[in-house]
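For reference, chains read A, B, C and D in written order, and residue numbers begin at 1 within each chain.
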Amino acid sequence: MKLNVSATLTYGFDSDTQVIAAIEAARSPDQTIISESLVISPDAVLVRDQDPMTGERRFRTALSGQVQISYQALVDNGKRIPLVPYARQHDWSELPQDVLPYLLPSRFSPSDEFMRFAQREFCAIEAGGARILAVLDWLHEHLDYVHGVSHAQTTAEQTFIDRAGVCRDFSHLGIALTRALNIPARAVSAYALDLDPPDFHAIFEVYLNGGWWLVDPTQLAPVEGIVRIASGRDAADIAFLTSQFNCQCLNQSITVSRAQDDVGSDDAGQQAA
Amino acid sequence: MKLNVSATLTYGFDSDTQVIAAIEAARSPDQTIISESLVISPDAVLVRDQDPMTGERRFRTALSGQVQISYQALVDNGKRIPLVPYARQHDWSELPQDVLPYLLPSRFSPSDEFMRFAQREFCAIEAGGARILAVLDWLHEHLDYVHGVSHAQTTAEQTFIDRAGVCRDFSHLGIALTRALNIPARAVSAYALDLDPPDFHAIFEVYLNGGWWLVDPTQLAPVEGIVRIASGRDAADIAFLTSQFNCQCLNQSITVSRAQDDVGSDDAGQQAA
Amino acid sequence: MKLNVSATLTYGFDSDTQVIAAIEAARSPDQTIISESLVISPDAVLVRDQDPMTGERRFRTALSGQVQISYQALVDNGKRIPLVPYARQHDWSELPQDVLPYLLPSRFSPSDEFMRFAQREFCAIEAGGARILAVLDWLHEHLDYVHGVSHAQTTAEQTFIDRAGVCRDFSHLGIALTRALNIPARAVSAYALDLDPPDFHAIFEVYLNGGWWLVDPTQLAPVEGIVRIASGRDAADIAFLTSQFNCQCLNQSITVSRAQDDVGSDDAGQQAA
Amino acid sequence: MKLNVSATLTYGFDSDTQVIAAIEAARSPDQTIISESLVISPDAVLVRDQDPMTGERRFRTALSGQVQISYQALVDNGKRIPLVPYARQHDWSELPQDVLPYLLPSRFSPSDEFMRFAQREFCAIEAGGARILAVLDWLHEHLDYVHGVSHAQTTAEQTFIDRAGVCRDFSHLGIALTRALNIPARAVSAYALDLDPPDFHAIFEVYLNGGWWLVDPTQLAPVEGIVRIASGRDAADIAFLTSQFNCQCLNQSITVSRAQDDVGSDDAGQQAA
């Protein structure tokens, strides 16, 4: 699917502040950047990073006063296939070396705490894709999507107890349960079609059958409409802005829409008929 | 039931240490102390406290070096009635004033964190005794009784995630869920028949139908064989030894047995037949 | 000092909600209620509680919809004496029985966690009042008074790390450090003169030399201008509103002023001269 | 310095368990493996990993029953230079891309919680090496080295409050404070000369002046005698054994000694004199 994505972010910085921003669509194998633009106003000197393994991009700079960051891109995210129940679970010895860190507990997804619960709840279900689909069902059934009950430091433990949160919280608990089942999982930030209101989205990926599968535990956005930005162990790694000192978000506007020349492509055959 | 209970505790104190001990059977309305003895060796000056409301007793003293505390009692705990499903739940306005603190969250039973879970899980069941019996069933079904996974600072939150613990942990989670359902609950320390190995027992009480009902979420000891020691908001209040500095527990021996002249009283009719 | 205090609180309740309110000035030995009024609008049936030991008062009722609670009182708080350095520290065995619970760790003031720090930092200072004055100096020097960095579940542990908070947080850490020094401490809610902006105030009391001494770790309000409302182990016990379900605070207005006939009384002698 | 290091670890596995082990000396630029051997008994099929950036090595395998893992190596760790006060601190924009993750908070070193404390305590000291040396002094002065007060899930927050711990805890707090000062820091596992009793050692590295500097916050082992094993965000990344299920450590023996042909090399000139 071809998607137009944009983010316009306005921040206020009290003093000269070093930042790392992750808002550009990843140049990952599963999506193509057709065109894009990044404008910082007032102008700033950027250091651009691209991860050689994942194609994910960040930029570093120092900002002060009121600053607007604008990013626009036209992205073809190809054909994302939803997780299938028969996706095979790997032994640790079969995993690529760079996937291993995603087996480990992390701050917001301390999977070691959930070993007993995950075994009790999901081990009757066949290993692999089916078991992760059961985790996603469990999250959807047991968590309420509620703003204001969680914050930037909320962990999967708190969400598991409180039974409510936003996309970030659903994903952290999903990642914790997946890792507790000995399956690698990583947090993903994304632009997402159909999100209401539009916002950055936090979802996650599980490693099964030789590859990463995108899943959305909130069921708010179809994986077909996802444009990946960054991935990491949990939300700390994929923040769209990491800053040296506190800063104020003065305005944030995200848009995601299907590109004009893409609309209708799915039912082109029908129209011809 | 008439029960002989005893505790022999040996501690080592590095320096002169102030302590508060709660090991004596309560002189509460529901149990009668027929005889008892308390011996500290070497001898120590004791300040004796008895709670005017509950009849619970503690003693205070200062100890140093190696000290043995021995307590023995013959107690008639009357007839303890297990919680009935039709025990009525009170509005807050109907509760006695001294019961109100047991509605509030406490350190090890932070009931405010469990509001959403408790509502979701138990509100289909009729309010009152039936709902608490459902909580007890839930605890029995979802928690493993395991030594070594928890410690003296473990909270109900951790037990809820880890799904395992000992009597103290079962009770803390039971108290948290009960209070989250707007029913007063308090922690109780006790001597308990049939506990294997014998030890102090931690259970809890819920306030329904105008009175406190003893319940054992571990289902390890029948309430009929319970001799109450102390009650409080959670384990911090009912520790059998609170000491100013760290001390070493060198030995601990608890025994609970049915008194000779009590054995057989239940089946007296059968013997006559 | 004679003080006029008032609180006007407007809440919104989604459904019929049981509440416990602690906003009335305590009828404690150290302050006299000269006159007072309590109005709930629309009218509600109240259960009134008064603690026989402390004279602290709470009322219970069930509220729904939008409700205004108005309380006004003229209170003579006598002569509050600031803590003196030579106030003697008691052995546990000397304490009144009802003071003992305030030695124990509680949820927001888990004093057991601070034993080593308290010993290291304050044990060079003479036991008793001087040591607590050193704790108060430490709090004032090491904590920033900042709104928005803490919330209703913030513990003394978090405040100790974050080094910032509001009156509630300063008090919780002060209570934790005091108890870690084997001195009883309890949280107190109050009306306070000179608070800017006016609000309920959270301070604490330490038990030394046979009595409770009010201290304000924020140094925002002189103890002479304090009207006590309620006391307890920590903030959970002294909330001005405890409600069965979440409710919205729509408006809150607190005023505290020196009574007309009291102003000038301190320097009456001078005026006469 | 040339060092002989060895580890003999005996584990018991209840069932077939996947493990990742990090016990081999790193093939990092700052140390040369002269010879080594790794023996698993009974024999097991290993997957060997070597990080292309750091030369750190891990092996993966599946183990069951009682297993002994033996590693021996002769390593020349070159000349490790202790951190110098004038080592320059970098702006974020100057850092290599692969160093950036070590700026971020992690589970056991949540640096974001310590921002205010770190600024208050260390910002009077010149940025760079001098400031980190002040952090190391602070840790040495304020923490007690005590076994048994911490466990595998203890965070820097708890150590900061409790003021005691072991090498792992000292390092976690050191890493948190370093990152809170905007300097990259990472956890390092190592063999260490002079450790008594011998054990794996947990230390950390700070990134200053274009490179990583090893520091030991416990001051128990000189950096000259360190043989690096693995590095990561915190202890979770550098565990010497990560296992799918719980396993029992039945025996562990570590030895580190100066190689025969290395002893005396430092004072060779003196001997000749």
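Before moving on, here are some points about what is shown:
Methods note: a residue touches a chain if its C-beta (ideal position, glycine included) is under 8 Å from a C-beta of that chain, and two chains touch if they have at least 3 such contacts.
In UniProt terms the chains read A, B, C, D = Transglutaminase.
These figures come from a predicted structure and were not determined experimentally.
The chains in contact with chain B as well as with chain C do not exist; no chain meets both.
Look at where the CA atoms of chain A average out and do the same for chain D: the two points lie 31 Å apart. Inter-chain centre distance (chain A to chain B, centres taken as mean C-alpha positions): 47 Å. Each chain gets one centre point, the mean of its Cα atoms, and the points for chain A and chain C are 45 Å apart. Taken residue by residue, chain A touches two or more other chains at no position, since every residue touches fewer. If you sketch which chains touch which, the chains form one closed loop in which each chain touches exactly two neighbours. Chain pairs that touch, as defined above: A-B, A-D, B-C, C-D.
Remark: chain B residues 113-114, 116-117, 120, 142, 144, 157-158, 160-164 touch chain A in the complex. Residue ranges on chain D touching chain A, taken from their complex, read 18-20, 45, 47, 49, 51, 58, 60-62, 91-93, 97, 100-101, 103-107, 110, 112, 153, 182, 236-237, 242, 244.
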